[in-house]
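Input: structures, listed below.
In the two complexes that follow, chain A is the common piece, with chain B as its partner first and chain C second.
Here is the complex of A and B:
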């Protein structure tokens, strides 16, 4: 009972914090917050595959990009479309792509799964560059209208955009968390740990992989769509490039694979490191490469793993009897 | 001769030459994968690095042949260092994939830092720069040389794997590495050797392709992606699969550029998708 009340208090504090964030911290940090929220949802969508189902994808950017391109194309070509239907169309594009790919990709796993997505991701990238008439080639699609829910345009009011983005991304985060708590989410973990046993228990492994794959694409699409609106630009390099597939993987690795909130922490740390290091060097590739190497070699379980290990050590020190029993 | 027919023939040889280069890269990847279960994502970065090493060696000595010998050796040494220092620390296949990807990012960034992003020309030696007449079609000697080089390497690898004691150990380690280790053979040394040979082959391919495509930082993406697709389509760890698919892809790409130039890169991915739809583990892959 006590715990429930405490939870409610935390929720209220959290909501108030996000509600008054733009008023307190000003426009710069408001935009930083939107960026963090977008990449958090993107990283969580990767973690859905990698952490909860054990599928490593090197091409998650294609769903991110499809979300962005879908929304941008809808806003450019359909006159008078609202912002929510536009986002919906972008997400729909990502989901349709996932549905088309799913019969093929759910049959493989491990290395082949990663490589297939690398190939498809590169294919989408090349197509976005080649199909100049639709995608605008290297320039991408820019300066499309961004209508608000209640106002003409969100372009000049970042505060309104903040609320719209945060509500959508917040609901997405909650939905992803909810999925992990359902029995279906538990089956996913089972597939990661022992696919054969889940198969023997009578669950359909490929089908449930396909469901989680499409869900993951859905949320990547949401993130990509908001990202496109936020920058008012969708481009092949910005939304579909190979770096966009690896940024969320890095965040997930830094935060901790498989824990739900680890990736959000990872996004914050990665963005911070990126921001700091890019003041001294131009090369994002170098930064990403070094972070990947360091994390895999020295912190394979990420910060959440580090935290859990430290907590275990501390609690072990507090109860020396327990230690003796083990020995 | 009819110009159409001669076009078909010369595009065909083009395709086979490109297929051979793909095979050199893919078989290096496959040997490493078959033995250690590691898909080396940095493989194509090493392939590109060798082209740059060759550029440097040719720049100093002015001799392409020295580049052909030494650049792949340098690359192999770097590959062995990577295996010893970094790869042994990685946990699980996921860790290996991500770690090697990180190394490939670092290599590409270093190349851009040292040599810049513009494409550097590499002169081929005089003997190979001419044209030769085959059944009435005049054809550049260099590409024939590439085909010959790849065939020599193929035969060399076959002999090494099937006619020597070392090859026997390697083949045994592919099927059961713990047992080989238990028999008193230092499996770590064998791993190191295999990793070196794999990277050496990538290096050879890099040097071979450098005079044709020039040396530029996009080399790894352009050719490397094709090589990865070859490995996935042919089946992980299968040399025969890699060979057949390499040739098919080489021909697809050369005829593709001729007829549907816009969508040549799409052809391979479509081919891969069709193959994987029927055989999820690749043409010659074994179910895990």
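Here is the complex of A and C:
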């Protein structure tokens, strides 16, 4: 009972925080928050595969990119389309791509899975550059209309865009969290630990992997679509480049692979480091690289793992009995 | 009636033939042991029956139905379970979560994305009952990787039985166990397999002769003899090939 009430209080505080964020912190940090939210959803979609199912993909950017291009193309070519249908079409593009690839990719794992995605990801990148008539080539698609739900355009009202983006990204985060709590989420971690045993227990491994693969593409598509709207630009380098596939993996690793909220922490650290380093030098990758090396070598469960370990140590020192009871 | 039957089952790994036409017959409700020296093809026999490998030739029948080449998940659904010689549990999941995955499959909850699994009270209840029966309730929240050897073997066996199969194949369940652990495991199997058909691969002759109703001796990919324990004990060919040097 107490715990339930406490939870409600936290939810209310959280919602108020996000609701009044633009008023309190101003437009600059509002945009930082949108960026954080976009990359959190993107990193969470990677963690669905990597942390929960044990599948490392070097091509998650293609779903992110398809989300962005799909939405941009819809807004460019379909007159009078609303923002939500446009996002929906972008997400649909990502899902269709995942459905097409899934029969092939769910039958492999490990290195083959990673490399296949590297290949497909690069293929999509090159296609975006070459199919100039559709994708705008190197320039990408820019300055497409961004209609609001209640206003003509969201371009001049970043605050409205913030609310739209945060609601969609917030719901996405909740949905991804919920999936981990369902029976299907259990099968997922089972596949990660021991796919053979999952098979012997009576579950269809390839089909289960396909479902999680398509879900992951769905949420990557959501993130990509919002990203395109946010910048009012989608381009091969901005959405489909290899760096866009690696960034979420790094966030997941730094935050804590396998924990649900780890990737969000990872994205926050990533953005914070970026922000701080850029004041002194352009080579942010150098610093991120060093952090990644330290994390991989000394704290394989990321900052979330470190936090859990420290908390355990502190509580063990304070109240040995209480810990015993908990265990 | 035979619940499981193989007809002229052969299997080769490339040029290396391992099974040279095995005709195994398992009667419904019996506990049947497959014994034989190392390299006789016992595990390969299990693997060809349970879908790890597709046999090179020959047929497998379950309750008269041809199940040759069925995939493991399909076999699980028609009522065939198996455990592994090398412990094959979900290492990062707790004992509870391990058993729960078996219970979920048994109850046909396989693609549910809508309900929270911890709110499914029937599943939780069944899982806890199973944990109590196998004396792992105390270790409910211990990750499989942190269980003692005996307990992780018990978990391994129990996962094969928690899906409630009619026929279960246990591959060297007592491998590496101490005397006491083996005795516990035998008692556990007696308790959990009541009314089921059990096929075991086993090297420990004490276990074989205390548990099995019938025994099949496999020798270089062929069946040397099948029969009741005393028949096997007195079979000259078996003595010469295998049991002689074990002095049973």
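The rule is short, and it goes like this: the second predicted complex is superposed on the first by the 306 of 327 C-alpha atoms of A that agree within 3 Å, B and C clash if a C-alpha of one lies under 4 Å from a C-alpha of the other, contacts with A are read in each partner's own complex, and residues count from 1 in each chain.
Throughout what follows, contacts are C-beta pairs under 8 Å (C-beta built on N, C-alpha and C of every residue); 3 or more make two chains touch, one makes a residue touch a chain.
Given the structure is predicted, the values throughout are model-derived calculations rather than measurements.
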item: Partner chain(s) touched by A:183 [first = chain B, second = chain C, both, neither]; value: second
item: Contacts of A:27 with chain B and chain C, given as first, second, both or neither; value: neither
item: Partner chain in contact with A:193 - chain B first, chain C second, else both or neither; value: second
item: Touched partner set for A:309, first chain B, second chain C, both or neither; value: neither
item: Which of chain B and chain C A:118 touches, first, second, both or neither; value: first
item: First (chain B), second (chain C), both or neither touched by A:171; value: neither
item: Chain B versus chain C as contact partner of A:202, first or second or both or neither; value: second
item: Which superposed partner A:107 touches (first chain B, second chain C, both, neither); value: first
item: Contacts of A:99 with chain B and chain C, given as first, second, both or neither; value: neither
item: Common ground on chain A, meaning residues reached by chain C in one complex and by chain B in the other; value: none
item: Chain C to chain A touching residues, read off their complex; value: 50, 71-73, 76-77, 81-82, 88-93, 97, 100-102, 104-106, 109-118, 120, 123, 141, 159-160, 163
item: Residues of chain A touching chain C in the complex; value: 178-179, 181-187, 189-190, 192-194, 196-205, 208, 211, 258, 327
item: Chain B - residues contacting chain A, complex; value: 33, 39, 86, 89-91, 93-95, 97-99, 101-106, 108-110, 112-113, 221, 225, 228-229, 231-232, 236, 262-263, 265-266, 269, 272-273, 276-277, 280-282, 288
item: Contact footprint of chain B on chain A as seen in their complex; value: 50, 56, 58, 103-104, 107-108, 110-112, 114-116, 118-120, 122-123, 126-127, 130, 246, 249, 253, 257, 283, 285-286, 288-293, 296-297, 300
